[in-house]
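Below are two complexes that have subunit A in common, paired first with subunit B and then with subunit C.
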Partner chain A sequence: MTTIETNPTALPPVEANRKRRQPRRKTAATVAWIIGIVLLTAVVLYPLLWMISASFKPSAEFGANNSFLPQNPTFDNFFKVMEGVAGIPTWKFFWNSTILGIGAVIGTVISSSMAAYAFARLDFKGRPLFFTMMIGTLLLPFHVLIIPQYMIFRNLGMIDTFFPLLVGKFLATEAFFVFLMVQFIRNLPKELDEAARIDGCGHWRIFWSITIPLIKPALITSSIFAFIWSWNDFLGPLLYLNSPDNYPLPLALRVFNDQTSGSDYGATVAIAVLALLPVMLFFVIFQRFLVDGVATQGLKG
Partner chain B sequence: MTTGSAHAPTHTRTTAEPGTRPAGNRRTGGQPRRKGNRENVAGYLFLSPWLLGLFALTLGPMLYSLYLAFTDYNLFTAPEWTGLGNFERMAGDTVFWGSVQITMIYVLVGTPIKLAAALGVAMLLNYKTKGTAFFRSAFYAPSLIGASVSIAIVWRAMFSADGPVDSGLSLFGINLGGWVGVPALIMPMMILLAVWQFGAPMVIFLAGLKQIPTELYEAASVDGAKAWRKFLSVTLPMLSPVIFFNLLLEMIGAFQIFASAYIIGSGTGGPAGATNFYTVYLYTRAFTNNQMGYASAMAWVLLIAVGILAFILFRTSKSWVHYGGDTK
Partner chain C sequence: MFNKLSRRAGSGVALTMAAALMLTACGGNGGGQAGGTPDPNEEVTLNFTWWGNEDRATRYNEAIALFEEQNPNIDVNGTFMDFPAYWEKRQTEAAGGGLPDVMQFDYSYLRQYGQNGLLMDLTEYVGNGLTTDTIDETLLATGKLEDQTLAVPTGYNAWSLFENPALIEQAGVEGYEGGTSWEDYEAYMASVSEAGEEIWGGTDYTGRIQNFELQLRQEGRELFTEDGQLNFTQEELAEFWGSASDLRESGAVIPGRKLEEVAPKSGFGANLTASEMTWSNFMGGYLGDTGAEDLTILAPPTSDPSVKDLYQKPSMLHAVGAQTEHPEAAVAFVDFLINSPEVGEIFGASLGVPASETALEGAALEGPELEVKEYLDSVSDRIGEPPAAPIVGYGALENTFLTLGTSIGLDAITPEEAAQQFFDEAAVTLGS
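Let's look at the complex of A and B:
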C-alpha cells in the first residue's frame, strides 16, 4: 500500500530549473497535455454516454437519427423493459442478481480473510507449497474446471439453484482476494499481534479483534469487486441456471438481446443501462478503493 | 488455538516471507515441538475453507477433466476410454483450428496493443503529479464493466449497420455497412473492445512509474539524454517487472474471453465462425453437443498452451526483466 506514493520532494529542483529556462514551452506543454487528456477521456467515455443517450431514443430513431442526442427523448424503453422477458418481471432478475452478489460478498470476505491470515501470520507446515499453489490458481484458466464442477453439482442435485454459484465464494477460490489481503496483512505492524499474544489472546481473538479491523480497506475493496464480478458473471449462471425464474440480469439480458436484436435497439440498450447502473454507482462511490486495490496487485514487494 | 506467550518472540518475527523461509528455523525456540504443532493446527483451521476449495473445486476437477480428456462422455452414460481419440479428432477438426486461429490473433495482437495503450496513457497521467485522480478513475471504469453482457450488447449496437461507428466513418467516405455482420471486421471490433479496457493495466503501470526514482531521470538529463532515450534506458528497464506481470495476466485473461464473444455472436460463433473463440467452441461442444470428453481434451490443450506461454515468458524474462536490487 505504501508503495504507490509519489516522491514530491524530488521534483521541484528540476521543475524550477526548467521554468527559469523555458517558461513558455512549459505552459504550452501543459495546455497540450490538458487537451490531449480531455480528448482521450471523451473517447473512452463515449460508449457509456452513447448508451445512456440511446436508451432515451425511440426505437424508430435508430439508424434514422444519427445525432448523439435523441430527437424525441422518451422513457418508453424503460417502461417496456420493466415488463420483463419470458413472463418474468424485470425486478425479479435484479433481485436474483442482488442475492447472488450479497452471497458472494459474505462468502468472499469470510473465507478469503481467514486464508489470508493463515498465509500472512501463521507458520504452519506446507505453507510455502500452498502459497505457491494459491498464486498458481491465479493463472489457471477457469475453463479446465467447468465440466467436472458441473458434474459434481449435477450429482448433488444442485443444478438450477444458486448453490454452485456461491459455494466457491465461501471456499476462497478466487485467489485475487486472498492475495490482496495477504499483502495488506503483511504490511501491518506485527507488534500488535505480539502484544495481544502476551495478553493471552489466541489466534482467533487476534484475527477477529486486531487483524479484521485493521484490514478494513482491503475488505471493502474485496467486497466491491466480489459484488461487481458476481453481478457481471455470465458463464456461471449460463452453466447452472435453467429456469427463467432464477435468472440473474446477464442471462435475462441475453434472452432479451436474442429476442429483440435488430428490431428493438432502444429497449435492449435500456435494459443494458439498467443492469450497469448499480455497478456504475458502486464505482463512483468507491472508485478510490477499487483503483488502489488494482494498483497494489502488481507490486508484490 | 491459544499460543503460549513465553516462547513467542523467536517465532513470530520470522514469518515475513512465506515461501522463502527455510523450514529448519522452526527448531530454535524454547519448546519448538508444541509451539509448532499449535501453529500448525491454527494454520490449517484458518486455511480449511480454502483447502476444501482447492481440493474439491480445483485440484480434484483438474485431475478428473484430465481423465475425461481420454474418454467419450455424454453426461448420461458412463465415460468410455478412447485413448488419444479426442486429440486425433481435434487435429482434423477444422472448426477447432478456426477457433485456435482467431483466439491466437486476439491474444497475440490484441494484448500488445492494449498494453501499449495502457503504458502510453499511464505515462501521460504520470506527467502531472496533481489533478489526475479523476482521469485515472475514468480510464479505469471500462475495465470494470467491459466483460459484461451489457457492454457486449452496446458494442454490438454501436458497430451495427447505421450505428454510431458506421455512420461516423461514412462521414469520411468509408462505408462498411456495419461491422457486426462482416466476419473480417469482427476481430478488429473485438480487439477494440479489449483495448477499450486498458484501464486496469494502466493503473498498475502508473503505480510502477511512480516508483521510478527521479534521480535516474535527472542523471540521464545531465548525460544529455532526450525524452525517447530516457524512455528506452530508464523507463522501460525500471518498469520491466510490471510489464512482465501485466503481459502474463492480460494474455492469460485474453485466452479466456467468453461473454463478449458469446453475446456478439448470439452464441452461435457466427458470422462464419468469426466469434467462435476457443472458449465459445469449448462451451458449445460440452453443453450444446454433450461431448464432455472432447471438451475436456480441449480444456487441457488450453491449459497446456497457457502453461507453455507462461513458461516462455518466465524463461525469456531473465534477459529483459530487470529486478533492481538496491535501486528501489
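Let's look at the complex of A and C:
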C-alpha cells in the first residue's frame, strides 16, 4: 500500500514536467518551422512581389532606382495599359485569352476522357499499338511538328483563326491528359462496369454514369493544366494568329516592349501583373480540387 | 502547350483532308504580268507586317488608312510583333510557304532570305511602279544582293557617339569634342570617371562588334572577306579586347557588374555613363530612357580622320514576299511607304532618317530628329561604301561577340580565351 500511496505523489510532478516540456518542445519546433517556411516563401515570392511593386514605378525609375519600393508610386502604368494598343482595347486581349483557355478546357475534358475510356475499357484490334503510338507522341519534340502543322493549317485556310489552337484539343491530341485518365480508369473496379452492363447499360451509359463521376479528380487536374497552359501559350498564337485583334495576352505583352523601338518597362510590368491575376484566381479557386485530385490518384495507384 | 496533330486515328481524317487540299492549293500562285501599276478594279488584300512597339503601330495604322483611301480597291491587313518573335514567326512562314505580301525587313536577315529565293526581285518594277531615284545610290545598294533588288531601305543611320550634357555638367569637366583620336576619347572617359561620383565616362567600347568593325575600317579593312569568312585573326581580336584592359582596371569605364544591375537599360540609358557609341537612331530611345531634355550626338573617335570609316546602314527595309499573288499592289504599297511625303510626315525619323528625298521633305524634321540628321550630314566626309550585306549567321556572331565582351567586363574570362571561343563558334556558324 505504501508504494501505491507514494507513487501517486511522485507521479504528478513528473507528469507535469512532461506536460510542460512537451508543449515547449512543440513551440520551439513550430517557431523554427514557421521561420523556415516564411523565409522560403519570401525567396519564392520575391519575384512576384517585385513585379507588383515595380508596376507602380514610373518608366524612368527602371534602371535608376533598384530598390524594392518605387520612389514616386504612380498608377499611370495601369492607365496606359488600359488604353490598349494601336486602337485595340486591352479587354479584347483578355477576352481572346479567355476564349482560348475555356475552349482548351472543354475540348480537353471531353475528348481526352472519351479517348481514355476507349483505351482503358474497350477491347479493339491494335489497341496496344495505338496506345504505344499515343505515348510516342509525348516523346516527339514539338519543334519538329511546327512546320508540318503550320503547312496543314495554312492549306486548310485556318490561319488567323482560333481553330489551329483549339482543334487539337478537341481531338485528344494531348497525350499527357489521355494517359493520366487511362491510368485513372484502369484503377476503377471493373465490377462496377459489369454491374451496369447487367442492368442493361451500353458503353455510353457506362461512360456517362459510372466512369465520368468517378474520374472527376483527374478531370479537374486536366482542366487546371489545360487552362494554365493555354493561358501562358506564346508560340502557338504567335504562329497562327496574324491580326492584332485576335492576339491573346502573351502576344500583347510583347508589344509594349520592343528593344528596337523603345521600351515602356512600366507598362510591360503593369500588363504582366494584370495578365497574372486571372490565372492566379483560377488557381486559388481550383487548387483545393487539384490537391484533392492528386491525393486520390496516389491512393488509387 | 502546343496542339499536337498526332498520327492517332481521330486526326487521321484531318490529315487526309489536309493532304488533298495541299495538292490543290499549291498550284494557285498568280504569276502576274511584269511591272506596271495595279489594276484599279481588282479587289486586293495585302498582308503587311512589321516589328515595333505600339507607337510604331499607331503610325503604321495611320499610313495604312491613308493608302487605303488613295487605293480604295486595296485592303491592307497590318500585323505586328516584337523583334525576336517577329523573326521566329517569319522562319516558320518561310518554311511553310506563307510569308506575308509586304514585310518590314532587317538588314541582317536580307542575305538569308534573299539567297533562298523567298523575296521577290523588284528590279523589273524600278521606274515602273517603284521610284528609287529619290534614294542615294550607295544606300539603295544595301537592298541589293548580286543583281537583284530585294528590298528598299526606309531610312538610314550611322555609327555615332552620344553624350549626356547633364552628366558632363555634374562632373564639371570638358565635354568630348568628337572625331578625335582614340587616346583622346579614353582620356576624356578617365576625366569624367575621376570627377564624378557614381558617374563614368563611358562603356567599354570593345564589347560591341561595330567598334571592332570601325577600327578595322579605319585600317581599310572589313569584318568579313568577300566569300563570307572572318577577315581578322584570333590574335588581332584578342589584342582588340585586351586594348581596353587598362580602361577597365583604372575604372575609366563603367564596371561590368554595374551594367548587369541596370539591364535591360544600358549604362547610358540609366544615367550612369556620360557617353556611349551606338547607332544614331537610338536618339529617341535614349531620350526616353534617360529622361534627359537634350543629348549631344558626336562623331566617334578615329585613328585617321581622312579615312572613310563610317557607312550608312539601312535602319530597316521593305521587302515583298516571293509568293505574293498581287505583286503590283505590293510594289505600289512599298513605293507609298518609301516615297510618299505623307508617310514621311507620319513617321518623322522614327524609322531612321528617311532614305527618300520626297519622304524627307514631308518629314520636316525638328528637335532631336533634326540633330540626328545634322550629325549624319556633318560626318558625310567620313561616310564610305557600306560593307556587303551581312553574312548568314551574322546575328549569331554579333551576339556571341556581345556575350564574350560582357564576360570580359565581368572578369570571367581573359581576352585570349574569349578570342579562342569566338573563333571556335565562328567555325561552326560559318561552316569552315
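To be clear about the criterion, the second predicted complex is superposed on the first by the 244 of 301 C-alpha atoms of A that agree within 3 Å, B and C clash if a C-alpha of one lies under 4 Å from a C-alpha of the other, contacts with A are read in each partner's own complex, and residues count from 1 in each chain.
The definition used in the following text is that a residue touches a chain if its C-beta (ideal position, glycine included) is under 8 Å from a C-beta of that chain, and two chains touch if they have at least 3 such contacts.
Predicted model, so just to flag it, every value in this text is computed and none were measured.
With the C-alpha superposition on subunit A as described, subunit C and subunit B clash in the combined arrangement.
Contact with both subunit B and subunit C is seen for A:133 once the two complexes are overlaid on the shared chain. Shared-chain residue A:146: touches subunit B and subunit C both. Of the two partner chains placed around the shared chain by superposition, subunit C is the only one that A:87 touches, whereas subunit B remains out of contact.
Residue contacts after overlaying the shared chain place A:242 against subunit C, while subunit B stays out of touching range. Legend: residue contacts after superposition of the two complexes on their common chain; A:115 is shown touching both subunit B and subunit C. Of the two partner chains, subunit B is the only one touched by A:202; subunit C is not.
Within the superposed three-chain model, A:39 lies out of touch with both subunit B and subunit C [touch as defined at top].
By the touch criterion stated above, A:60 is placed in contact with subunit C alone, subunit B being left untouched.
Counting the residues of subunit A touched by each of subunit B and subunit C gives the higher count for B. Once the two complexes are overlaid on the shared chain, A:173 sits against subunit B and subunit C alike. It is stretch 256-264 of subunit C, out of 58-66, 130-138, 256-264 or 346-354, that runs into subunit B when the two complexes are superposed.
Comparing the two complexes, residues 62-63, 66, 111, 115, 130, 133-134, 137, 140, 142, 145-147, 149-152, 154, 167-168, 171-173, 234-235, 238-239, 254, 257-258, 261-262, 265 of subunit A contact subunit B in one case and subunit C in the other. The residues of subunit A lying in touch with subunit C in their complex are 59-60, 62-64, 66, 85-87, 111, 115, 130, 133-134, 137, 140, 142, 145-147, 149-152, 154-156, 159, 164-169, 171-175, 229-230, 233-236, 238-239, 242-244, 251, 254-265. Those residues of subunit C whose C-beta lies close enough to touch subunit A in the complex are 1-11, 14-15, 17-18, 21-22, 25-26, 47, 49, 51-58, 61, 77-83, 85, 88-89, 92-93, 95-98, 100, 261-265, 269-271, 284-285, 288-289, 291, 350. Those residues of subunit A that touch subunit B in the shared complex are 3-8, 10-11, 14, 33, 36-37, 40-41, 44-45, 47-48, 50-51, 54, 62-63, 66, 68, 110-112, 114-115, 117-125, 127-128, 130-134, 137-152, 154, 167-168, 170-173, 178, 186, 190, 193-194, 197-198, 200-204, 207, 228, 232, 234-235, 238-239, 249-250, 253-254, 257-258, 261-262, 265, 268-269, 272-273, 275-276, 279-280, 283, 287-288, 290-291, 294-299.
Only residues 1-3, 5, 8-9, 11-16, 18-21, 23, 26, 36, 39-40, 42-44, 46-47, 49-54, 56-58, 60-62, 64-65, 68, 75, 121, 124-125, 127-129, 135-145, 147-151, 153-158, 160-162, 164, 167, 196, 200, 203-204, 206-208, 210-211, 213-215, 217-218, 221, 242, 245-246, 248-249, 252, 255-256, 258-259, 262-263, 266-267, 279, 282-283, 286-287, 292, 295-296, 299-300, 302-303, 306, 310 of subunit B touch subunit A when the two sit together in their complex.
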